[in-house]
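Same chain, two partners: chain A is paired with chain B first, then with chain C.
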Partner chain A sequence: MGRAVSKVAVAVAIVVIVAAVGAALYLTRPGAPEEVAKVELTGNLEQDIINVGKALQAAGISEVRYSVWSGGDPNSVMRVYGIVEAAARIMKIWGENGINVRISVDTNYYQKPDAVYQDFVSKWALNQAPDIMANGYVYIASLADEGYILDLTPYLSKYQDFLSDFYAPVLEAMKYNGKLYGIPQDTEARPIYISKEAAACAGIDLDDLAGKVKAGQFTWSDLFNMAKQAKEAGCVEWGLIHRKGSAHPDLIQFIYAFGGSLYDEDTGKLVLDKEAVYKWFTVERAFADAGLLPHDMMSWDWGKQIHPTVVNGDAFAFIGGVWHWTEWQTKAYYHDPQTGEDRGLRPEEVEAKFYYTLFPAGEPGKQPVTLSQPFAWVINSKAGYQNPDYDRLKDIYQKLAVLLVIKASDPDIIAIHSIISSHLPVTKAGAELLQDQGFVNDLPNLPTIRSDEVRNAISDIVERTANPINIEFLMNTTYMLEYTHFTPKHPQYPKLADLFADAIDKVLRGTMTPEEAVDYLVSKINADPDLKGAVEVVGEVPTGWQFPQS
Partner chain B sequence: MKNNHFLSRFAGGLTSFLRSDASKFLAPALFLVIVFYVIPVGISAYMSFTPLKNWNIDRYATQFVGLENYWKLFYMVTHDPSMKAILLTTVVFVAVTLAVNVLGGLGLAIGTYFMSERAAGASQLLWLLPRMTPIAVYSLIWYYFFHPSNIGTINSVLMHLGLIDKPIDIGQGIIPWGPWSIIIFVNGLVGVSYGMIVFTSAISNIPKELVIAARVDGAGNWDITRKILVPLLKWHIIYVTTWQLLSLITTYDHIFLLVQWNLVNRDYGSTWSLYVYNTAFQAGETDQGLAAAAGVVLVLISAVLGLITLKLMGFERMIREPRGDI
Partner chain C sequence: MPGMRDVEIRRRWVEVAIALAVLAFSLPVIIGYSLMILSSFSEKMVTGLDPASFQPTIQNWVLLFQGRTALFAGYRVDIWRIVLSTLTVALGISALVTLVGSLTGYAISRMKFAGRKHLMAFLILLHAFPGSVLVVGVAFIYRLFLPPYQYVHTYSFFFVILARASIEIPMATWLMKGFFDMIPWEIEWSAIVDGASRFRVWWKILLPMIKPGVAAVMLFGFLAGWMDLIYVRTFLAEPTLAVFIEHNANAEYAYLPLVAAAGTLYLLPTILFFLFAQRLIFTITVSGVKG
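Up next, the complex of A and B:
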């Protein structure tokens, strides 16, 4: 009896507790969110900044926090500080209009951009990913597919003037499935560097070579013959040097130079163009067989072999990138024969040693190319999540994040980043500033920079890099963007690129003929169900194709 | 019916275990095993049936794709032209490195046993260095040691001595023995110290009287080793062999870097676990579902191999209760 009573008592107690908790939750439930005045973006940047500021102030917000992550070489820190500076500029506008709201920006700058991406992806679901990230445009595909980043199309519908100042191909690279997911941050080109000393030694005339390359009159066969001439004259040890380890992105240029493709816009599939790939492999094999290109090129060491060979004039041509121009000045790859010490080159020495041109056409009738991998500002689809009242003010926080990115694209910020990191400007206004003598002369004082944090972070780098020769180099290579190609924004592309590296290594070492290597690629693609479904194999290996052709 | 019987016996066994003192002694260890091993294995097994990728847990963790990830893995293994080389490499790598680790560890432990204490300590410390060095630094040392140019230590020394006139590419040029030797050498050097520590502590527990008596009877070092030390170390040898076997099957960190840096051939320098890692994480989108499936397969293979080793070496004789006639 007693036991039954106690059981009843326990049951009653449980019911009472549950009811009490339920009632408490019901009574304290959040009321319907108070309406927040909606801010529509008008396309007038200053007006939009003021409207967003007023809306935040009206909602009782005094501070907004954002975090921005990016990565890359130590000179490219504007990939995070651009946003810090933009915040300072927005706060100045707010201050002038009596708006008392602060923006604080946490920055995180990594060495490796792919690690930034991996962290973004693995921390997104945990609400620890940054609000804004600057990273390679190739990541847009998977970030957009997973819903991790904002589709910027509706936000920028009124900002057509702003968008039209970006170089069209670079802006195009930010689109995925017809929608705009990123704002270009920087880009680059990959010139072929030719040793002026080696050319002079072998009696090769480089006059207007870049013009002939541009016109498609100078092809890879001509470069082969020149390199051979220089080597046979005893002027260089190697005719051609290129990157190690991966085929992406430098060697992929061969595919485009032979008129091939890597992506089919209509089907959305990756493409293995057997003809272009075969020709690429054949060219490299011809260089290797003639003793012009090392058989073990893919396992050379960047710092101890590749750069020293190029910088010390032991190679006739080098498939490089614009950023090498300043890298050769900051890293001690050059062995000074006079003093016997290893040091960086001076800007005038780099200029005296290297001629640069587009990547020549593969064969007559084809076009010269270069390849760019622009960086993109992307905005987290939960941007502003670390701020108070996020559910109610989400829209305003997101719009402010978009305005920060727009402000970070101010011409002077773009121009400063280009100069100090040796990247190409992404907007025409930024490019024009490079030609503005007044701007360039004042650069060491950073008169336009408002944020002390940014000033402290970059003043040393500015001092070291803001040299007229380097700025001229950037202006002289900007035209290459008209010939640029982009590797596909396809989630499976990195896998395919890995296979290319494997295949070209086998070709250079002579363990496979170019034809066998193409077949090997096909069988590797077919061995991976994901890749097999994502790649269409087109074209055939041409019969009787010779290299060099003249 | 039989099932029911088994279940009730299991439940009964579990209850009496939980009530026993043994369970209280084992609790801390059990807790760690459950938290860090059983639960992760359970989660991995679960994940292997989902299309989880790019860590998008919100979207994919509740979707089921059945055996698709396992099918994908099977398809890759059966279609990849590099697979023959990878499997062969795995077998050779695991077998030879295991022998090096166990015999090397044993040799070092016994060798130092016959040394003076100070010399023994110093030499053991030396052998521990590879294990104490961070993986990337350690791999970088061997990268430059074996580098196929005059910046490589071996090549530079041989060229200075006039033994060769141009550098040899061991990792890429001498297929397959070159890359095999490098990965076995690099991993073997890390592994021996483990066996060495276990065997050294085991030897120090062998009663000194046995050795002294043998010496009095005129036994040399070799007889002492063969007739006293090794037989008494039998169980430790079983333990080290099994442990090292399982860790070699799943190890890929040093190999990953050596392949990544192109020091060794991709096909004849990659083992199964590296292949799994590369397939799931390295290229393109990170496919956690596929990685989990590959991980489950690795756990199963390791479990089977572990059981076989223990069986072959008579493990149950070691844990059998003493007969009481000692």
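Up next, the complex of A and C:
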């Protein structure tokens, strides 16, 4: 009896499961899409926002959902909150025009932008990638090649005024194969910071040093001699400190400073410029051999060694970035000798401690440089896919994603991000706002921010960073963009950068001479079929080249 | 009598020596975890034996429960939603592993069918494959059953639970088989003679007799889900605690005392497991290997 009942129960269960699966398939079957009124972008942002809103409302949509991911230091959160704020502003416009559609934005912010990129790539095919991502422009090439992101060129054809407000080199970096795939979110320069206290202690005059660097009259040999002087006078423990781990991208400034190149526009290939790389390695080796640069520099810890050494005045020079200016104010790297506590520096203390200049020319006759790695908003080619009736309304959802990014480029959003994260503004309107005293004075109240979520997230850091010293720093470093170089937008570039890091570590530790390290790079490139096909090796290791030059 | 006394003394010395050796080998692990827990209550990471580096505060825990990732600004997360996602995955895997493991364990222990021995060997072989090796294949299966866009979020939870549970099921099956093997056949036989179905015998008679085994498999399944990183990061549409820690620990600007607090929170189920399941572990050691 019991066995018979069990069999009936199993049979019923099978019938129920089959029926449920059948019903689910029937309910989710693709139907013939109904026609939806097409929305053409006109270049008038407010009008386009209204048109998209009306189209959504007419299609019976009351709520749309987007997701945005980004990453970086804790001060750069406007890379996701910019879209949240843009959504709030678009909803305000809709509300004023009788459009009752709500936008909700899911955010995700990692501390490592490369992890965001990896997750975007791995989750794209799983239909879990975000609609919008802010990340390094270097990823545009691989994302565009795979068809993961939208070509924005047709969407922005009527937005020439909007595009022309971006600094031209930064906007150019967003293009790949002649098409625009990203909208600039921020950019940066990588100054050399010099300890004013160490210079004063060693009797070194820093007056107009930045001008001499700009004119190419002050080279890395001069910096070496200064650092040596400061160390020999007992003013500092180290003459030079730089990043650890990856050589990407601070140290490759050396290649440009020695007139080298990393990318051949004509062939579309990466370049290993043996002469420039050899000179870079020779400079680092000379610093290390003179006891000015730690042999284990590439293994130092950022929080425990690199930043504390720099902010506590134990290094004469530091190859840093503009964002460090506020990072030193918001993180407790400084050990206050008066109170014994570890704390962030005050703006006036950062100003009193650090002189900043372009990355000097490698040798006489060469140019000073800096390096930028702009962040770009990119839009998923399936943007809006989380929303109802996607197949029918795909075009409208994608256009709304584009409008969200355009709105997130409002001058005040760019200016606020620049101030709190110490990145350089990407638009002229954003840069002008930084000089607007009224805007700066009102900033702690965040009068232009509509979203409470954004206000709550950034109010404390705005209070901490929005002051004349930081804004003056941004204004004083913006000129560096005229000297900027970019890392190549080549899918194989990250691999080459890792090889550079490996080689420089061997040079600093003394396990390879600079020449051996160059040969090592060539052999590593030849051993990897992908790299071998992607990199052309040019030039020769110079004979008899000396550093420092007298 | 003096002879016995010598033996007792010798045994005590041996026991003391073994205890000291175990302590010596465990010390690095104990110190590591202790430093992490101390760091979660300190303004700076306590990474050495310098007492000055311990600066007591509960700020890290306050920040963690506020969902903050840095002292200033920083991204705000809903930490309770993350804990809920982690629990959903862990409990789902635990339930599935226990259900399937105890059913298959029963079948292999009690039923004769063609290919039984091969199946047992195959299960061990499956257990030998680390989950990371299977990720590409598992991603292919994910794509095969990909639902319409609006169901992807829910699907990702079901999928991760199924995929991760399937890695744990071979071991659970073997464990449960060992427990079923310990029960004399006569008990089951008398129930069947009384008219009970095999399913009823399994549910009403055998499972209550091997509660410790069921509990152990349940706990192992829970911990497998709780600690998983690869599958949840790859396939789940929501972050779990493991993913949250990974994203906040390994960056130049990471605020590590807060990460230590998250790590301590992440450790709690393991500590609770250790406190409540010691006896179960010993039972498994005795019974689980019985073929």
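We adopt the following convention: the second predicted complex is superposed on the first by the 518 of 550 C-alpha atoms of A that agree within 3 Å, B and C clash if a C-alpha of one lies under 4 Å from a C-alpha of the other, contacts with A are read in each partner's own complex, and residues count from 1 in each chain.
Keep this in mind: a contact is a pair of C-beta atoms (placed from the backbone, for glycine too) under 8 Å apart; a residue touches a chain by one contact, two chains touch by 3 or more.
Computed from a predicted structure; not experimentally measured.
*Asks:* Under the superposition described at the top, does placing chain B and chain C together on chain A give a clash or a fit?
*Replies:* On the superposed model, which is not a single observed complex, chain B and chain C clash.
*Asks:* Looking at the overlay, what does A:352 touch: chain B (first), chain C (second), both, or neither?
*Replies:* neither
*Asks:* Return first, second, both or neither, reflecting whether A:125 touches chain B, chain C, both chains, or no partner chain.
*Replies:* both
*Asks:* Taking the superposition as given, does A:527 touch the first partner, chain B, the second, chain C, both, or neither?
*Replies:* Only chain B is touched by A:527; chain C is not.
*Asks:* Looking at A:15, would you say it contacts chain B, chain C, both, or neither? Reply first, second, both or neither.
*Replies:* neither
*Asks:* Which partner chains sit in contact with A:456 here, chain B, chain C, both or neither? Use first/second/both/neither.
*Replies:* It touches chain C, and chain B stays clear.
*Asks:* Now for A:200: first (chain B), second (chain C), both, or neither, which partner does it touch?
*Replies:* So A:200 meets neither chain B nor chain C here.
*Asks:* Which of 21-29, 237-245 or 255-263 in chain C clashes with chain B after superposition?
*Replies:* The overlap with chain B comes from chain C residues 21-29.
*Asks:* What part of chain A is shared between its chain B contacts and its chain C contacts?
*Replies:* In chain A, positions 122, 125 sit in both the chain B and chain C interfaces.
*Asks:* Provide the residue numbers of chain A that touch chain B in the complex, in ascending order.
*Replies:* By the definition above, chain A touches chain B via 118, 121-122, 124-125, 142, 145-148, 244-245, 296, 298-301, 304-305, 491-495, 497-498, 502, 505, 509, 511, 520, 523-524, 526-530.
*Asks:* Looking at the complex, which residues from chain B come into contact with chain A?
*Replies:* Interface residues on chain B, with respect to chain A: 54-59, 71-72, 75-76, 79-83, 147-149, 151, 169, 171-172, 175, 260-263, 266, 279, 282-287.
*Asks:* For chain A, which residues are in contact with chain C within the complex?
*Replies:* Touching chain C from chain A are residues 1-3, 5-6, 28, 73-75, 77, 80, 107-112, 115, 119, 122-123, 125-128, 302-303, 327, 330-332, 342, 385-388, 390, 420, 453, 456-458, 460-461, 464.
*Asks:* Okay, in this complex, where on chain C does chain A touch?
*Replies:* These residues of chain C touch chain A: 43-44, 69-76, 139, 142-143, 146-152, 156, 195-197, 199-200, 233-235, 237, 239, 247-248, 250-256.
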